[in-house]
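Naming follows writing order (A, B, C and D), and every chain is counted from residue 1.
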Amino acid sequence: MDVQGLLDDIRESLTPIIGQGEVADYIPGLAGVHQAHFGMAVVMPDGEAYGTGDWEQPFSIQSISKLFTLAIAYAHDGDQLWQRVSREPSGDPFNSLMQLELHDGIPRNPFINSGAIVVADRLLSLGAGGTDVLAFLREESGNPGIELNPAVAASEAEHGHRNAAIANLLASYGNLENGVPEVLEEYFRQCSIEASCRDLATAGGFLTRGGIRADGSRMLTSSEAKRINAIMLTCGTYDAAGEFAYRVGLPAKSGVGGGILAVVPGRCTVCVWSPGLDARGNSLVGTTALDEFTTRTGWSIF
Amino acid sequence: MDVQGLLDDIRESLTPIIGQGEVADYIPGLAGVHQAHFGMAVVMPDGEAYGTGDWEQPFSIQSISKLFTLAIAYAHDGDQLWQRVSREPSGDPFNSLMQLELHDGIPRNPFINSGAIVVADRLLSLGAGGTDVLAFLREESGNPGIELNPAVAASEAEHGHRNAAIANLLASYGNLENGVPEVLEEYFRQCSIEASCRDLATAGGFLTRGGIRADGSRMLTSSEAKRINAIMLTCGTYDAAGEFAYRVGLPAKSGVGGGILAVVPGRCTVCVWSPGLDARGNSLVGTTALDEFTTRTGWSIF
Amino acid sequence: MDVQGLLDDIRESLTPIIGQGEVADYIPGLAGVHQAHFGMAVVMPDGEAYGTGDWEQPFSIQSISKLFTLAIAYAHDGDQLWQRVSREPSGDPFNSLMQLELHDGIPRNPFINSGAIVVADRLLSLGAGGTDVLAFLREESGNPGIELNPAVAASEAEHGHRNAAIANLLASYGNLENGVPEVLEEYFRQCSIEASCRDLATAGGFLTRGGIRADGSRMLTSSEAKRINAIMLTCGTYDAAGEFAYRVGLPAKSGVGGGILAVVPGRCTVCVWSPGLDARGNSLVGTTALDEFTTRTGWSIF
Amino acid sequence: MDVQGLLDDIRESLTPIIGQGEVADYIPGLAGVHQAHFGMAVVMPDGEAYGTGDWEQPFSIQSISKLFTLAIAYAHDGDQLWQRVSREPSGDPFNSLMQLELHDGIPRNPFINSGAIVVADRLLSLGAGGTDVLAFLREESGNPGIELNPAVAASEAEHGHRNAAIANLLASYGNLENGVPEVLEEYFRQCSIEASCRDLATAGGFLTRGGIRADGSRMLTSSEAKRINAIMLTCGTYDAAGEFAYRVGLPAKSGVGGGILAVVPGRCTVCVWSPGLDARGNSLVGTTALDEFTTRTGWSIF
């Protein structure tokens, strides 16, 4: 398959809609991004990379970090992790406290904010014994230049009352091991990482290699890697997981920065970036690009 | 692959747990079933069938009928159907009226009771212009002996206050085209069909053949068939869809009669039956059997 | 106090707003009422009656019937009644099924539809051993001409899907003693009674006489009569009970026909009628009239 | 009426149950209180005081402070206050975040924690231009010895994750004027005040004097004082307001320290203290004492 040609074709066919959607503006740090960006990368299990458009330009990965922090925590804790966070779709807006209350402080899954805050708490506890997500991304992508954006982290913290509410509610149920301020700082730090489509698609390679890291070491069993894919499919795109599975048919994790990282099990990872979001917080053009990709390749998992 | 050997192996390995779980007893018509049944069938796209245990014994298919009624309605209405029922996981017990109220009378998906009642209403409206689900099952399975169990249908109706509440609530939102009693009768009729693992796995073949029926005619486009698989994966096993995707990794639809029909896209269908249910209403032994099946074959979609 | 003068004054002062609000139109039987009606009656414990405007014209009492059916059921069952219906404000729209689900089929109070349906069920069970609400209203008001409006009852039944949903949900929780259709028929019958402000204020006299009926017989203990007043205050005006207590400061029961029956404990009953409703389903002009009444008399219970 | 004799009688009749109920132990500062305390005070509009048992012993007033902070804020802001907090019963546990989310950050009433936090925020904003609640209590009770308990305030803060969640959620909806830490500090400060039954009943006198303070100055209009009584009746005893109105029939505000302050409009205030709580967080013996009080005096407002 001529992957490069395919990517260029897709980008060209999307030209009329590039720039559509609403750029996230809940924090000043995100609001300034130019709307007309579009980048798309495909990376093979062996690391061979293809890309089109702004595929090498770093953007704010936001919630895509939740995929990597989950993988790190799961690699360390195994199925014990599920005592603190469930694996069920939330069926509700992504930052709902209601559901946390209905389930006695156990987040519905690790990809909604409450679940990711529990995972951030876990990574804090692991400390030096664990793997920092920034270090992990640098190693797996082979790009030591991946950085945090401290201004975005500060902006998140300043406007993070809702996440602070969630963290305090988790603490009230005894579902945090560290102090609320420390956990929130770590969580905002993770969200503020900036990386490119190329970086993210490369760093997600362990999910197409059955849990094997870039250096050949085993991070997860093949079965565990599949399980992360299953969680991505059922929970990875906020409350649009059903719609996304229906339209695109791939495990994926999106972020409000406009990125989406998808996995074609056994074949490749695909990362797309376009800052305009649809009503449910997923990249509007990015979703269309992935829809186009699975339609043309027939690589939907279904 | 020696499918027959695999099935026999799986049955043997499960012997210690066969009989576990609770047989559904909310209606007398189901409560009488002997707990120790176990059957499992695998059917290839060309109709070649393998089976073990009670794989040819008919059982009450209950909610597995929802898969077939959805396919028939979707084949007729196309994406217009989604104006009356969503495709999102419910994240809540399978018979919740609360969610119907929160979403103004639009069921979350076609596999919870409210959604299936809307689909039953649709089939009623299509009437002779549509395809009756019993006729469809007979044709697709090649078994003209598939029958309704009128005693079960009557028992459902007699104890069906909750479904009557749902149907009336749907009507109050203007989301039924026919009268409540007629819709409920049709819905209970669908649930009371009795078929074997062999029948169901064979009848589900169109989902492994990209939408082609047993007689070679096209029912759904390939893309539509995939979309039904996506809905099965995210919504097919009540509020355990996340857990099921995580453990088994296949699109599937379960019923409280203890049956589960799963699809391995492009490869085969698998149907398992064992009446004892787990806490969330899915066959306990059946889920374990499918878990075993994907572990041994590596045929998880992830 | 010159009660007659006071009532005439209040009516005059309200002239500019009479006709405001929205006439209930969820059933054709109510939609035809002329909006500009206004009537108000005050009746002393000894039956002496004062009135102004359309105070002797019958209107559809709708949910005001819930007050009388509650009194009859409570007189018979005493505190046992509370095993089937609570006495807490609902804090939610008056016809919510959600709350019924959250509280396992026990309605929050007897003045929301679900609670009144349980009370109707109870009256059905009491049958000849109990007192029919129509007969009760005729006897207490001294007006044998009070009638049901069968067209309204039929209209309620025809558009009563939501109430049918509630009744079926109650039945599914085992909280009905009679069949759903019989209970609904009785409930719609009760709502379709037509009486005037004079009739209702006179019939409510037992609440100002410490539980003594018009014929001098004891229906409720003094303490029981007070308790019904307490339920009216906290639950009698749908989800505006707090606002109503704040503004008017009297126990009251309203209906979507535009009537409100209020009790000044120990002093008198007041009934007002004006068909235009506010956003929460209470008579807009009627509430203002009662506000004026307590402001001028100082007879708020607070 | 021999008020002194009545109080002594009530205390004696309750002897068999004094000590029942569960002492609040969610913070260490409260858990140490001896369970067998019982005190009761009645204070006339002119300040004449009667009491029995431990009526002059200070206890942690906790949520009873919400009544006084509401009165101070309402005296200053008038009906503008209701733009930030509603006046409807909550119908749900007293610390629910769910309801805050369903109503876009507007607390249901000023007596649940979220509403009281908004009021605390308001008092902070008023600052020197307003009246501090501790100063207010000292002045109105005539007891300059009323103090905060800093250990209790610190204990509340340490275990106050749920209130911190609420405050952050309020902030996320833009319903706080001051910083979250400052508001919480003020709120915990208010809850940690210690006063006796005599102090509280005396300080609540403005509610029986139509809004006139102890020094004869007007704080609230007569109508505003009645409105506070209405809010107490419908919302003052957590989610047991309906039950409390039904049983006791008086406006009242309770606290988890075991105190309840009730108002008999125009006649007197009554304050009772006994640390053992019932399942809904109100003093078990205290509620019984007030029930007895209204039964014997006939002073229920109904």
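Heads up, the rule we're going with is that a residue touches a chain if its C-beta (ideal position, glycine included) is under 8 Å from a C-beta of that chain, and two chains touch if they have at least 3 such contacts.
Every value quoted in this text rests on a predicted model; they were computed, and no experiment measured them.
Interface comparison, A-D against C-D: more C-beta pairs in contact at C-D.
In terms of the distance between Cα centroids, subunit D is separated most widely from B.
The mean-CA centres of subunit A and subunit D are about 47 angstrom from one another, to the nearest whole unit. Per-chain CA centroids place subunit C at a distance of 32 Å from subunit D.
Multi-chain contact residues, meaning those touching two or more other chains, do not occur anywhere in subunit D. Subunit A meets subunit D in the complex at residues 96-98, 101-102, 161-162, 164-166, 168-169, 171-172, 180. Residue ranges of subunit B in contact with subunit A, taken from their complex: 86-92, 99, 108-109, 223, 226-227, 229-231, 233-235, 239-243, 245-246, 249, 251, 265, 295, 300-302.
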